[in-house]
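There are two complexes below, and they share chain A, which is joined by chain B in the first and by chain C in the second.
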Partner chain A sequence: MTALPRVTTADQARADAGFHRALVELLYQAADDDLILAQRGAEWLGLVPHIEEDVAFSSITQDMTGHALALYQLLEELGEGQADHLAYFREPSAYRCAVLAERPNGEGTYLDSPRFDWAYTVVRQYVYQRFKRLRLEAMVKSRYQPLADLAEKMLREQFYHLYHWEVWMKQLTGRTEEAQRRMTEAWTRVLADAPSLSSLGPGEQEILSSGVLPWSLEKPFRQALEESARSYGLPAPNAWTMPEVNGRDGRHSPALPPMLEHMAEVYRIAPAGAW
Partner chain B sequence: MSEADLQSRVMAALDEVMDPEIRGLSLVDLGMVERVEVDGGQVRVQLIPTYVGCPALGLMKADVERRLAAVPGVESVTVEFLRKPLWTTDRITPRGRERLKAVGIAPPAGSGPTEHWTPECPYCGSTQVHRENVFGPTSCRSIFYCDACRNPFEAIKPV
Partner chain C sequence: MSEERAQTAATTASTPAGGAFEPYLVFKQMEHRGPMESEYTVLAPNAEMALAMAQENFMRRQEAPYNLMVVRERDIVRLPEELRQALVRTMPRDYRSVPAYAHVARRWQELKLATGDDAPAPRR
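Let's look at the complex of A and B:
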């Protein structure tokens, strides 16, 4: 690979149209994944199996929201608009989160008869954090220095997020028959959406050729999932078929629009409010 | 007043700005102050955020601005957060570590994330402790229990 020069400032990035376009695309994907999945996590507040989990899960979702904010701030520097606006005021079709991040936690809503699925939540959060580790490791080698610096810092925090879900994976697999059945079912559902995570969307070629990311994430992610299947006694992932709607191109499942509407409710009432 | 005088007054004032979530611990103790530049009456403070998503950062910035505005000779204050260098737990100063213990929080054993580490109980100094939860009241803290003196305590996570 030719050694392209590092891009150290937002102004330099904006001067190169192709690089800028690819960078913005990747930043939206990563920021939206964290924001939307953190919101799904926040819906569990007060409903998780025990109080220690409430403390841990809400800390993790707070960190994820913070990571999303830091990525939206990079986008702000790149001329995309104000970070809060990017989080709350875009049309659903402008979001680039993977469809896995937006799937509901289960039936009902947290306000009304939540019949949420803990097995699905554990597996989804675990698979996402496993993927996020790989994406952050690649981002550390990004040509865009501000992103590389941020990713290095995020990795240190994200270590504890992934570790938390690994503990749950270990505890819920290979135990009772019911736990195994429910974890296997959740694993199968999450695997069906997993290709949406490592997809870099329609701009994939440009993201890779411009050096915004140094390598494709699909192969290392599939390897990681195969290892996970082995260590937790879950079925190996076989087919790698992109879900019909994957999110990376702005097409989303019906679950996203009402979620965004709910998230932005307070912000819409008082856009000038300070928190 | 010379710039050097003002610089030392500003540093002393920064040492009075406390972490909003851990009272008794200043931003200087935490190792968050990377650089202070004084140009005439204009002061520029560069801070290193502890956690990317720490919700206290906005409060810290406002507290620094307020405290420094009260320093005689200061005309304007700019506070910036840097992306580099990274904040790691070994930036906490020796005095900061003592102050953490004084409020019942075990200082970090080192830096860099790890699955297992053994803090010293801030009350009795024992290492006969076990972890109750990797996460605690804030993202940067875990919850432990001391099997020697039978007190629960918090510990700063190594990052």
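Let's look at the complex of A and C:
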């Protein structure tokens, strides 16, 4: 394969329609994953079973929102509109987050009898960060230089996000029977949605052939999950079936619209306001 | 240590790892071989969790340190109250401070000169 030349500026990217389309698609996927899962994390504020973890989790959540913002800023440069607007003012069908990111934390809502599931949260965050590591490593090799540069910075910060959830995985597996049962249940639920993460959506071919991403993420992700299953004594992932909706094509679970409405409530009161 | 306290410590020490949450002291080191500065405590069920919590709680706003370390609070051995009188100093110990003996070298030199010890060796 002949190496395609690097694309170093937003203007260059905009001049190549196919490249631009693929790049925008991938950026929405990555930004929306971080934003939406960070919002699910934010819903835990004050409810986490351990006070230091409350601080730690919120801090990671803020970092993830920061990563989303940086990616929306790349989209802004590419002519997609203002970053804040992209985060808070799109229709649910314009979001490209994986369905795993939008699943509720458990029963109830933040404001009304939250009976959230900590095991599910730990496993979901862990699996997401495991995946995100692979996506960032691939992004570092992106043909789009501004993305490669950003990914390298994010990767350094993401190191301890993954480390944090690895610690929790280790804590809650192989201990008591109840913990093992809950973790296995959570693992099974998260695995069912895992293919949505590595899916690149309908634009997959273009994202790969244009060099926006240098390789597909599915194979390394599946390998990583197999390793995780071994090291935490959890069932190995077998079937790799795409969930009914996966999010990457704009079709989402019923959980997303009310979540967006709540998340964007303040912004939508006065989009021009400075907060 | 009083008997009662010693017993309490022994009971806690037998708690299996990963059991109850306990205070861990967090220390930071700003550079390699720098002093270990006490920061604050975190509650954790074991050292691994304490380190993870310390990292995120510590890194939140402050300048990034070179390293962090944690010590379970009950693993720190302190002088019990009844032995703390060993720390009391009542008599002057000026002679142990540098200003108190810095003149000795000069005085030594003066004495050597006065006794001619420092004179060149006599010719034969």
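Rule of thumb we're sticking to: the second predicted complex is superposed on the first by the 275 of 275 C-alpha atoms of A that agree within 3 Å, B and C clash if a C-alpha of one lies under 4 Å from a C-alpha of the other, contacts with A are read in each partner's own complex, and residues count from 1 in each chain.
Convention: a residue touches a chain if its C-beta (ideal position, glycine included) is under 8 Å from a C-beta of that chain, and two chains touch if they have at least 3 such contacts.
Quick caveat, the model's predicted, so the values are computed rather than measured.
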Combined model on chain A: chain C and chain B, fit or clash: clash
Touching partner for A:265 - first (chain B), second (chain C), both, neither: neither
First (chain B), second (chain C), both or neither touched by A:66: first
Partner chain(s) touched by A:227 [first = chain B, second = chain C, both, neither]: neither
Partner chain in contact with A:50 - chain B first, chain C second, else both or neither: second
Touching partner for A:160 - first (chain B), second (chain C), both, neither: both
Which superposed partner A:152 touches (first chain B, second chain C, both, neither): first
First, second, both or neither for A:11, with chain B first and chain C second: neither
First (chain B), second (chain C), both or neither touched by A:171: second
When both partners are placed on the shared chain, which of chain B and chain C touches more of chain A: B
Touching both chain B and chain C, residues of chain A: 52, 55-56, 59-60, 160, 163-164
Parts of chain B lying in touch with chain A, wherever the complex brings them together: 51-55, 83-84, 86-88, 112-113, 115, 132-139, 143, 157, 159
Chain A residues touching chain C - in the complex, by the definition given at the top: 50-53, 55-56, 59-60, 160, 163-164, 167, 170-171, 175
Residues of chain A touching chain B in the complex: 52, 55-56, 59-60, 62-67, 69-70, 146, 149-150, 152-154, 156-157, 159-160, 163-164
Complex contact set, residues of chain C against chain A: 18, 21, 42-45, 48-49, 52-53, 55-57, 59-60
